[in-house]
Amino acid sequence: MTARAGVLAFLLVAVAGLAVVPLFASGYHVTFIIQVFMWMALAGSWNLISGFTGYVSFGHVAFFGVGAYTGALLITKAGWHWLPAGVAGAAPAAALALVIGYPCLRLKGPYFAIAMLGLNEVVRALVSYFEGFTGGGSGLSLPPILSIAPVYYAMGGTAAAVTLLTYRIITSQFGLRLLSIREDEVAAEVMGINTARLKLYAFLLSAAFPGIVGGFYAWYASHVEPLSVFPLLTTITMIIMCLFGGKGTVFGPVLGAGLLSVFQELVWARFLFVHQAIFGALIVGVVLLIPRGILGVLQQRYQLPRSI
Amino acid sequence: MTTVHITGSMLLQLVVSGLLAGGLYALVALGLSLIFGVMRVINVAHGTLLMLGAYTTYWLFTLTGLNPFVSLVVSMPVLFVVGVVLQRLFVHRVVEAPELSSLLLTFGISIFIANVAMLAWSADYRSVEFLTGSFLLGPIALSKPRLVSFVVALGLTGLAFLFLHRTKTGKAIRATSQHRDVAQVCGINVRRIDLITFGLGAGLAGAGGSLVSVMFAVYPEMGQVYVFKSFLVIVLGGAGNYPGAFFGGLLLGLVEGLASLFLTAQLSEVIAYVLLVIVLLVRPTGLLGGRT
Amino acid sequence: MRDSPILEVREVVKRFGGVTAVNRCSLSLAPGKIYGLIGPNGSGKTTLFNCITGVEVRDAGEIRFKGGRIDGLKPHQVARRGIGRTFQIIRVFPELTALENLLVVTRGPSEAARRRAQELLRFVTLDRLQHEYAGNLSYGQQKLLEFIRVLITDPELILLDEPAAGVNRTLLNELLAAISQLRDQGKTVLIVEHDMKVVMGLCETVFVLDYGEKIAEGPPGVIQTDERVIEAYFGR
């Protein structure tokens, strides 16, 4: 119980510390932490479907992109305030997940991954095609952003919400059932678990948050275009962050996003031209050396509870 | 409003160009299909290997003036070796792992190579100006580089099939892709087969790259489009069904060619995706039948 | 008066490509009894289990449970009607703990479920290992865990696929006692088993499959001397 209190106290201090950052820190640091929040939320969302059920969503950035365009359109064409516009990004992202997930979550193993990879290409193609609405390849420009502190809190809140939700799921029977799908789907079904429905629920949740993050991103970046909001690299980055920290855990995505963001920032600054090659090598390293992730390894070695 | 009047010769033209493109898809997809069939590894780096083949041809042509089609005898062995090295160093460690591992691993390899290529050769578009122009055959125009590439692609695909069916190693590859466990029990060294298969798949990608280089621009990210197309071809033809990959390739070329009559390139991509999902759901074994 | 059957399999056919794994097979199980399903390797026993539980979709015939059709239902729907099963190759959830393996399948309030789970773990003496990952348990322990995972859903019909395979003698006796106990509680059990001693000692009626067809049915003593059965096992 004391360990639990300690963890809780640590979390409270961390959250309180992060909450006051915009009051002191430079714009550079605030911007950096916004990025970290963004990755925490994205990696955490991917974790909800893929870390739990094992279904690899290899096109997760599609939900982010759809949210980004939704936010951008609501702000520029409908004159919405950025906050509700960003949150509204969840709706089309979840709707897309429903339309795609209903048929495609029946696909097993690599085929689901291929279908998701294709989904992203398709959404990008569609966005480029409806030029009149989306600005085509050149995208949409939003009014310049005057103060980034509100975005900081919005993005931080989203990351916290994803993490809290993950905790709630992992400590519930719903979470156990999602894990049982990853472990042995046929056995789960034979034991009376309606795996099709649970997968879909997890998929909807995991798509809704990237939609919100995308909406906030549009406001914060002041510009959206197909190349910037649908790159495969973004999907890979969220996956590798989640994997590095520990998939199927609560704080794995948080840890992974934090560490790798710092790492990327350092590499980016020092090795501007080779940073992608270094990232490639990093991916290979993580997959081969610590596929379970930091928390996964600790969890196994020290028999830590699942809810870390 | 302009109305497009579709004539028979236009249609014929599109069918022919579509099939010409399809021959290349078939060759590239066959390489991916071999790797997927034998190891269940989705090689996301396939397009990058294709790019390396294209640069091999480009440099040989630019520096020594070597005929691009002759350069295949260099690009294929080079890529075979690259494939074997990649398999030996990295890929063999994720063969039995869940698909996430191989997806990420090959993606990591892919961006590593692509960025090293970018550093070494810049992101500039380059071209191999070897064969240009076209000749008329009745009402249709045939692009010379595409026609020759098609014929070469067909020839290489044929050779690959001969290899798979006539040689001991080829038969072992097919056996392993059908029943890995059984093959192992029957005394086939599956690790060695994996090595050869990845080399072969990479070699075919390299050949594809050499052929692409005479038709389109050469640049570090040129291979990306072929990755998803190759998956589509595999799904159409049926996983592990190698003749299926061939017909799947021609079919994809044909569909794309005809779609270009009515749709923009972007929308035809959407159609291709819908086709992919439908085939996966309705006939997971591929249009031509294969195994699941 | 005879009870109406709890499970009725009528003329069920299942083909894989050109191979007919189950060929017009019919069985009828009365409630509260233990039945055996035997036959040489590849005779279609597991496929029949798969058809009953919805893992495979039968090509023809019908399957009724407590009078209602269950063929065409999804596996989880079949399970919820009251059929539980184990697998020939153990299928516990390796990265869930022993306790979680049980809790994941329970329905209803969690406190009662937890109590029942712990009771069952004690019953098979796995209570000390309840927080261990199932994948770290020994083969026999995993087998017991899989068995009580079926029990916790409280099914009326239990299908056991080779419960005795690879189990040591002490464990086997416990398992057999547990199965008899289930019958005494009014459950119906259908067992696929190769160990003839188990079949003979436990089952009231035995069905024999060969090449997907039911070639014999009757009390174990009679089955043992049946010409066709001997032929099926020892060749012709």
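Letters A, B and C mark the chains in the order given here, with residues in each chain numbered from 1 onward.
In this section, a contact is a pair of C-beta atoms (placed from the backbone, for glycine too) under 8 Å apart; a residue touches a chain by one contact, two chains touch by 3 or more.
As the structure is a computational prediction, the values presented were derived from the model and not from experiment.
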{"item": "Category of the chain touch graph - line, ring, star, complete, other", "value": "line"}
{"item": "Most central chain, Cα average position", "value": "A"}
{"item": "Leader among chain pairs (count of C-beta contacts)", "value": "A-B"}
{"item": "Between chain B and chain A, distance of the C-alpha-averaged centres to the nearest whole Å", "value": "32"}
{"item": "Interchain centroid distance [CA atoms averaged], chain A/chain C, Å", "value": "42"}
{"item": "Distance between chain centroids, defined by C-alpha means - chain B, chain C (Å)", "value": "48"}
{"item": "Sites on chain A touched by chain C in the complex", "value": "173, 176-177, 179-180, 182-184, 186-196, 303"}
{"item": "Interface residues, chain C side, partner chain A - complex", "value": "53-55, 74-76, 78-80, 84-85, 87, 91-96, 100, 103-107, 110, 131, 149-150, 153"}
{"item": "Chain B-facing residues of chain A, complex", "value": "50, 54, 56, 58, 103-104, 106-107, 109-111, 113-115, 117-119, 121-122, 125-126, 128-129, 232-233, 236, 239-240, 243, 273-274, 276-277, 279-284, 286-288, 291"}
{"item": "Contact set on chain B toward chain A in their complex", "value": "36, 40, 42, 90, 93-94, 97-101, 103-105, 107-116, 119, 228, 231-232, 235, 264, 266-267, 269-270, 273, 276-277, 280-281, 284"}
